[in-house]
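Take a look at these structures.
You will see two complexes here that share subunit A, one where it goes with subunit B and one where it goes with subunit C.
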Partner chain A sequence: MQDTFFLVIFYVTAAVAVLSTLLMISRLNAVHGLLYLIVSSLSLAIIFYLLGAPFAAALEVIIYAGAIMILFVFVVMMLNMGHKGVEQERQWLKPGGWIGPGLLALVLFAVFVPALSGGLVSTGPRLVSAKAVGIALFGPYLLVVELASFLLLAGLIGAYHIARPPEITGDDSDSLTSARHHDDIAIEPLQGAG
Partner chain B sequence: MVDVALIDHVFILAAILFCLGLVGVLVRRNIIFMLISMEIMLNAAGLAFIAAGSAWGQPDGQVMFLAVVTLGAAEVAVALGLTLLLFRRYQSVDVDNLKELRG
Partner chain C sequence: MSSITANILNVVGILVFVVASAAMLTWVERRMLGIWQERYGPNRVGPFGILQVAADMIKLLMKEDWVPPFADRFVFVVAPTIAMFVVVAAYAVIPMAPGIGVIDLNIGLLFFLAMTSLSAYSVMFGAYASDNKYALLGGLRAAAQMLSYEVFLGLSLMGVVMLAGTFNLREIVLAQQEQWFVIPQFLAMLLFFIAGIAESHRTPFDLPEAEHELTAGFHTEYSGMKFGMFFIGEYVSVLLTASMMVVLFFGGWLGPVLPPLVWFLLKTSILVLLMILIRGALPRPRYDQLMAFGWKVMLPLAMINLVVTGVLVLV
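Up next is the complex of A and B:
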């Protein structure tokens, strides 16, 4: 009985994951695609939980549905054209945009609440706790932690350098090639805006 | 309790999600959607790691999932910076603007 219940929850969640991903890659509006990506991340988090990895499930929600989504939303906002903003926002508030992700998230919620209250994986032998992950991470996998910190630092510096605003970049360049490169970047938006 | 048949189905789900992400990267020309599809592919790889770690009852899968998440976060930060640069130069997020090297 418990086993069929588990399987039903798993297959419904997997169907929601595939459906939301399919709808995500076929959207025309980037914000609608982001809404479906949130649903996809949430369904994957539930699958991680069902597989006995609650720590990874929490990370999936925090990092994917939280941090990375905020990055995407910020960039979509920065790319917005000013004069079309109000009209676009009015269109986003119509139910056509969010009713699909809302219904899929409702299905996930309806499936996940009995899974939580039933205590499905908490006593299973396959449960890999956050404690075991931490011991492995700072024991034999310490090099992975160091590499991840280097990677994040490189990503931070790289993103800062690449996305620097153009008015700052034009001043302090003394070599010829970098000056030319900066001019290319700096002039284009002014022409576009004027 | 996770049995062997379920692990097979989880791997099939990971393969489906990876293929959907690959289709998204190949079909879309909007760079935002290409980046989202790459996130889907990284998610599918992470799901395969978690499933393998769960099948053996070892924490190694979750450690690798952490590495995948870190890689995805760094990748998306740099790629969104490149997206801003692309939009500043061409006033568009269409990657077909970047075909000057074709000659």
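Up next is the complex of A and C:
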């Protein structure tokens, strides 16, 4: 009884995940596509939870749905595509464009189905608590964590470098207004502006 | 069978309680602000103006529910729903008293954080769908602000998690029987309080809807009950922040003599009143000051708190 209940939830969620991902790809409006992508990652979170990984489920929502997707929406809002964007997409998304990716996805699917039915997935549902994840991360996988932190640090320094205010030449470097009067600041032109 | 009835009572009771008290808070806030500013506030409808909520509700429902023709209709309607749904869903993990609480999730705290991070969407989608310059600016501000303060919100809680050794909110409350976590985690409490106000974008952190420069920010184009949902959602979020602080730092329902639920409600209402007082007392900062304060003050303090707590727990 309990098992069939979970199975039903699993299949419904999985169907939602697949459907929303398909809709995400095929929407003409970028924000609608993003909405479906968010739904897709939320349903993935539920699947993680059902498979006995509540911590992974929470992280899926906090990081993917709650932070990364927000940045996507942020960028789309900044670009302000509006109705012109939809028209452009309509021209670009011709049915002919689907053939290549569709065939490749079909190949993947053909490989995937026997892999699934062959029982390669052996780890059954087993509760993985937050503690277990922490012990694994800071035990056997410590090196990977450190490498990932290097990567993040590099990103951080890069962002700082790009966003650094332009250097002010002149005597009174603390006064921005007087420097503006002298008109001797070298402000680099924005990349790709105009 | 009786346990199922009890469960349903629990769920429906908490839902009704949360939404009703959030609606009442609109009156409490205006009345208290009035008293603190030496004026009356709304006192016409019913005794002490207590029926002001009903009057407001009738007004909002009778107004024309208008969707601008240039708006993105689908997203425009979805946005206020997200605002309301997310905060009410987050309330499900709050343990109000022994036996009172919707769900006892072993990742309760993470669930709360997940729901708070999703609440940014309501503002952003509302702003995008309105297709309005003020709304867009408000939405951009909201996105940057909520994304930043979410970091400190999460970090400030980790000290509590270390001391209690669990993400389960009920166990966190039970771990405070000897001593409330506000004593060893006072700094974290302050950080969480500030971040909580910023997450529910209330004054002094209400730059996404700063009326003197952005009309009404992200909800400029909203009217009727759609605006009402943003409005009530904000008050549920206030209630949520206060309840969360009670659970994490002020010993939840623990307290002598009085029944547990009374203690919980008492502590929560004191914190809600404090949040209202802050709104009445503090001016809005400039937007760059807000971001600089977050990353240059809140983040280092949260990190220091985390390191010191870690050392103390290990020693």
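One rule holds for everything that comes next: the second predicted complex is superposed on the first by the 110 of 194 C-alpha atoms of A that agree within 3 Å, B and C clash if a C-alpha of one lies under 4 Å from a C-alpha of the other, contacts with A are read in each partner's own complex, and residues count from 1 in each chain.
Following the convention adopted for this analysis, a residue touches a chain if its C-beta (ideal position, glycine included) is under 8 Å from a C-beta of that chain, and two chains touch if they have at least 3 such contacts.
Since we're looking at a predicted model, the values are computed, not measured.
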Touching partner for A:L22 - first (subunit B), second (subunit C), both, neither: first
Subunit B versus subunit C as contact partner of A:V128, first or second or both or neither: first
Touched subunit A residues, subunit B compared with subunit C: B
Which superposed partner A:F55 touches (first subunit B, second subunit C, both, neither): both
Contacts of A:H32 with subunit B and subunit C, given as first, second, both or neither: second
Contacts of A:A65 with subunit B and subunit C, given as first, second, both or neither: second
Subunit B versus subunit C as contact partner of A:E146, first or second or both or neither: neither
Which superposed partner A:M78 touches (first subunit B, second subunit C, both, neither): both
Footprint overlap on subunit A, where subunit B in one structure and subunit C in the other make contact: 55, 59, 67, 71, 76, 78
Residue ranges of subunit C touching subunit A (in the complex, touch as defined): 72, 74-75, 78, 105-107, 110-111, 113-114, 117-118, 120-121, 124-125, 127-129, 131, 136, 139-140, 143-144, 146-147, 150, 154, 167
In the complex with subunit B, residue positions of subunit A that touch it: 3, 6-7, 10-11, 14, 17-18, 21-22, 24-25, 27, 30, 33-34, 37, 40-41, 44, 47-48, 51-53, 55-56, 59-60, 63-64, 67-68, 71-72, 75-76, 78-79, 124-126, 128, 132-133, 135-137, 141, 144, 147-148, 151-152, 154-156, 158-163, 166, 184-185, 188-189, 192
Subunit B to subunit A touching residues, read off their complex: 1-2, 6, 9-10, 13, 16-17, 20-21, 23-24, 27-28, 30, 32-33, 35-37, 39-40, 43, 46-47, 50-51, 53-55, 57-63, 65-67, 69-78, 80-85, 87-89, 91, 93
Interface residues, subunit A side, partner subunit C - complex: 29, 31-32, 35, 38, 54-55, 57-59, 61-62, 65-67, 70-71, 73-74, 76-78, 80, 82, 129-130
